[in-house]
Amino acid sequence: MRIFQYLINGISIGSVYAIIALGYTMVYGIAKMLNFAHGDIIMVGAYISFCVTNYLGLPAWASVLAAMAVCTVLGILIEGLAYKPLRGTPSLAVLITAIGVSYFLQNAAQLIWTSSPKNFTSVVTMKPISLFDGQIVITGEVLLTVGVSILVMVGLTLFTSKTRTGKAMRAVSEDRAAAQLMGINVNRTISTTFAIGSALAAVAGVLLCSTVPTLMPTTGSMPGIRAFTAAVFGGIGSIPGAMLGGILLGIIETFSKAYLSTQFSDAIVFSVLIIILLVKPAGLLGKQVQEKV
Amino acid sequence: MAMKTLLKNKTTRTNGITYLVVIAVFAVMQVLNGAGLLGSSVKGYLVPICVYISLAVSLNLLVGICGELSLGHAGFMGIGAFSGIVIAALLQDTIPNDVMRLLCAMVGGGILAGVVGFLIGIPVLRLRGDYLAIVTLAFGEIMKNIVGNLYAGIDAQGFHMAISTSKMKLGEGGKYIINGPLGATGVQKLATFTMGFVLVLFTLFVVQNLVNSKEGRAIKAVRDNRIAAESVGINVTAFRMKAFVVSAFLAGMAGALFGLNYSSVTASKFNFNTSINILVFVVLGGMGNILGSVISATVLYVLPEAMRGLQDYRMILYAVVLIVVMLCTWSPKFKEKLSIVSEKIKSLFWGLFKKKEAGTNE
Amino acid sequence: MKKILALLLAALMVVGMLAGCGSSKTEAPKDAETKAPEAVAEAPAEGSAPALKIGLTGPLTGGASEYGLAVRGGMEIAVAEINAKGGLQIEFKAEDDEADGSDKAVSAYNSLKDWGMQILAGAVTTGSALAIAAETVNDQIFMLTPSASAVDVAMTGPNVYQMCFTDPNQGASAAELMAQKWPDATIGVIYDSSDAYSTGIVDGFLSKAAELSLNVAVDNAAFTADNKADLSTQVTQCKDAGCDIVFLPFYYTEASQVLTYANTIGYAPTFFGCDGMDGILAVEGFDTSLAEGLVLMTPFDANATDDATVSFVEQFKANNDGKVPNQFAADGYDVIYALYNACVAAGIDGSTPAADACAMLQEQFAGMTVDGLTGKGMTWDGNGMISKAPAAVVVTDGIYVPLA
Amino acid sequence: MNEYSKKMLKVPTYTLLREQDKDKQPVLDVRNLGIDFGGLTAVDGFNITIGPTEISGLIGPNGAGKTTIFNLLTGVYQPTRGSVLINGIDIKGMPTHKVNKLGIARTFQNIRLFTDMTALDNVKVGMHNGIKCSFASSVLHLPSYYRSEKQANEMAMELLDFMSLTDVADQKAGSLPYGVQRRLEIVRALATNPSIILLDEPAAGMNPSETTELMHQIRRIRDTFQIAIFLIEHDMNLVMNVCEAIAVVNYGRIITKGTPDEVRQNPAVIEAYLGREEGKTDAEN
């Protein structure tokens, strides 16, 4: 019985990783860059949501919309100011700029909202479901996060395969130069990708802080790295891979804490990651691309 | 004659300039220090700057020259630091000479880091690109987690090591060397600026020589075109491994010097952020550009310190500077504009100069 | 391109250096002006000794800045109050050490030394304090840390003193208190194995608990700074073991997660925290009803009604947008007063060389008793460790009530 | 004297008839070679024997599997069936770099130079396994390093000179004109001291005068180094003029083998080409 509770706990944190990883993997798949500032956009989203509910007294859904709006604008701004001028340069250059953006957002958040932690009020008002005499408890947050991440996964898959913009994104991801020749506006497509990724980050921020209530300027960075790990784990660039990677990472983390060692759970989680990458070098659902000779 | 041909060679010349710059800076610093003109802050920067230069140059071997993205360089630094501290503590009585003990600690730390690099490299170097990056990141985290829970100490019975306090039983008069999350405490400070300078020279010597040898050519060939390199008989995995191990070894040596420069060091110092910082030095200095790494490590280390006066705003400004410098040095558009401006200034300057010249001629 | 890059970098460095030097010269008074208006009004009277220079190193940016900024806030209030009194004047400066245990901490300390610091009122975190303490021993600068609580800090040298309990002592007192109040309870411990403070308390607690034969059912539910996002497993472990008391020797930032999750799964043991728990009620957005019944050992209570506390809390709120001070701020405040009292008694002023001040202060602290916000009749032993009565409180209706 | 220099000594060319190859072990002996990609047979039943100083050609329409065959011969792909013997040694299971050490070198259809390195360094990378200098000596720049570097430099210059590339020795390979890059790739392959080199469309992108020059150079390589050459080429003029033996493949199988004249008159070849690329082929002329 206990094992199921741990499984649920794992899925709970795992689905949070998954939804962050979805944003990561989409931006990576299309813009071909590791956006290390993604975790910090999540943090900004959570702060916006916090402010809207706590200072303006608006309902939760309004705070989520506000967070999405602010993060979308922020994402487009960051992309335009910091990433766009570097298009066509080695991906490492953009990576370092992304790190600069990450430092910037963290420190800006500290100046705006101070470093004192805030306790995020969960957007879920549902009472937890208690099964088997309270032996297994499923919180509303778990249901919501799993639901939303599945929704986002399906939505993104449909979006990239069915819509015009989505197809343009896939084209840009496959071959940027060819896409350009086919009349696709590469710059606008990448900006759109960042806009969507950032809006997703806002949702992820709200869900992260609903599950883990402590909100600080550094809140996004560690889950951000975990989610990046999850995205690679599932096969970076693959949308279902990010989902699977996130959930599995959460479950492995919880199980290693529950049954192996709490002290060394970080080491265990990352060792499992390494082992899996050795067996499947492109991640669980990633495509192994053989270079043409 | 030989000297002349040597000077003609462009790579030898750049290498020479790098050595000269480092030696000149060292000499100036020594003179200033001797004259008592250096404040405690500047004196305090000297050793860590040397350490970070070595780290940046060694990472440049991996990232710039070999073309592999590593996000776990601080992990090797950490291995070097902690093993160096343990070695120095164990050799306390055997080798009374501080310099010799420091050397032993650095070499020991380097070797251990190199061995760990080798062991990790065997499975890991089958991966490429971002997957290699994530595995090196994972390695850094594993290292941090393990060392953060490591207890080591010496007593009358000798050396003890354990991974929890309860298992760690030191006898009477025993002394902890590494104390779990407290890290290494009560470390005897052995590091000196001169040793840092020697380390920088040694790192430059190894990396630059390697780059200019057949090994370095092979490493660069693997980066430029893996398939072609294989086709001319180069064992790609072996060369990635060589670069990886040498880089880890040098990082370990730098780590040992770092660890022995402070009375305490914690495992959390060697985290993802430190790895990223070293990577920033490399990328900003120019990938594959050794002198660039030396300069950018120095400048970027001093920069946040120099901005202390800005108090709470200093880190946000550091971030802004970082982004702006990246845009200035990499953005194609900006570079174009910059070159136009510099052309204009040049022509303006030359124009003035020529006028003047013309004037004097008349 | 390379040349341009090199030039750019060099130019930047020069600008940065100039900016740094330029502003550091002017910053100190300006800073004081904005943060504590009273301080500047009292320029030292003509002919009187120059102001005493006290420095603080602590995390002012990054993840731990919450603690550093709180200490700085507390110290600034004390400095302003003292300077307003006339007499011995204090010049105060805080430097950022990013809670780093090695180079950044030493850099911050060196920068204060270049400023002319005579006494160090830091560091805030244990890691930094360890790195800096060894430097102060060499430099013969007196060090009184407000919150670096590891035993090793005080043991570094005879000139290093602490304002807070040492970790193992606090752990041991917790065990004693539990043995006294709930001798038959089943106890669970959740702690941060990557944090010296947390492991230090747990070590002290467990060895005392074994001595008192307490029933500790869960003693290895650890988390690390990297995986603290999810503490549900640890809480579940305690619940499974049927713990009536869950000992939480870590900071309130993570504690709120434990309380929230326990509430979700309907697990309601007695939670027991240490001084790091102080501040949980002031977290913005925190539902204080979750903390109802929480027992914690804190030297400071922001709701206390004595004049000193009331005026301190008021002043702190005025300076910090209405934020309620926690024990970090109170420790900072007490540190400045302890140093001030000792300096006045020993006749130390701005002209006393740091090394002389160091020797004189050691002598003073050996026989000194201080009353402050965090304790009455505080004294120090020869190692520099403080002895003050541990006060346990229980959260009742959203405020601290002394534990009956 | 080094092996390279020995080879550099010009051997007098007697006759171009490969009589001298008879009774000698073939440098390349391929038997029943085949590979499937996920159920799709790309190459099947490929047999060829090449003598130590033979120039042979491999022709066939686009997509016939020519480059795949080269990839099989150099160990880039592991065959599903059959065997490849280089100087009598089976390359089964060997990675590409080991196969190269057996004496086979190649160029690529889409040029694969080390673009960020100079032409000279490209050649020196090719000589990698021939340079005798230990790792320690490389790192520490011991005297043996200077000696071996000097030797390597001279030899690389000699090889560059052989293909008239001395002028571009210090230029970045990526910045060179197309035709020059192709020639440089041949030099790099030669630098590995092979007993056979595979040229994948060496004349692609060259103008007629460059192609003529290339023909001479191909012959000169064989005559000077006494090695075998196996080339894929669409320029029939070059193939017919240079090659002594030609194999024609289509759909991954050999249609015919023989001398240029035999191949020219083979109806199967004409059909294969006429069906597909009449414009491009000169086979009927």
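Lettered A, B, C and D in written order, each chain numbered from 1.
To be clear about the criterion, a contact is a pair of C-beta atoms (placed from the backbone, for glycine too) under 8 Å apart; a residue touches a chain by one contact, two chains touch by 3 or more.
Treat the numbers as computed from the prediction; the structure is a model and nothing was measured.
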item: Chain closest to the assembly centre - both centres taken as Cα means; value: B
item: Pair joined by the larger number of C-beta contacts - B-C, A-C; value: B-C
item: Subunit C-subunit D separation of Cα centroids, rounded to whole Å; value: 73
item: Distance between the centres, which are taken as Cα means, of subunit C and subunit B, whole angstrom; value: 34
item: Mean-CA-position distance for subunit C and subunit A (Å); value: 35
item: Averaged-CA centre spacing for the pair subunit D and subunit B, given as whole angstrom; value: 43
item: Touching two or more other chains - residues of subunit A; value: 107, 110, 263, 266, 293
item: Contacts with two or more other chains, residues of subunit D listed in rising order; value: 76, 108
item: Sequence positions of subunit B contacting 2 or more other chains; value: 141, 144-145, 149, 227, 284, 312, 315
item: Contacting residues of subunit B [partner subunit D, same complex]; value: 206, 209-210, 213-218, 220-221, 223-225, 227-236, 242, 246
item: Contacting residues of subunit B [partner subunit A, same complex]; value: 63, 69, 123-124, 126-128, 130-131, 133-135, 137-139, 141-142, 144-146, 149, 163-164, 226-227, 272, 276, 279-280, 283-284, 287, 312-313, 315-316, 318-320, 322-323, 326-327, 330-334
item: List of subunit D residues in touch with subunit B within their complex; value: 74, 76, 95-98, 100-101, 105-106, 108, 112-117, 121, 124-126, 128-129, 131, 133, 135, 138-141, 145, 148-149, 152, 188-189, 191-192
item: Subunit C-touching residues of subunit B, taken from the complex the two chains share; value: 39-41, 43-45, 48, 141, 144-145, 148-149, 165-166, 179-183, 185-186, 189, 258, 261-269, 284-286, 289, 291-292, 295-296, 298-299, 302-303, 305-312, 314-315, 321, 325, 328-329, 335, 338, 342
item: Residues of subunit A touching subunit B in the complex; value: 28, 34, 82, 85-86, 88-90, 92-93, 95-97, 99-101, 103-104, 107-108, 110-111, 225, 228-229, 232, 236, 263-264, 266-267, 270-271, 273-274, 277-278, 281-283, 291, 293
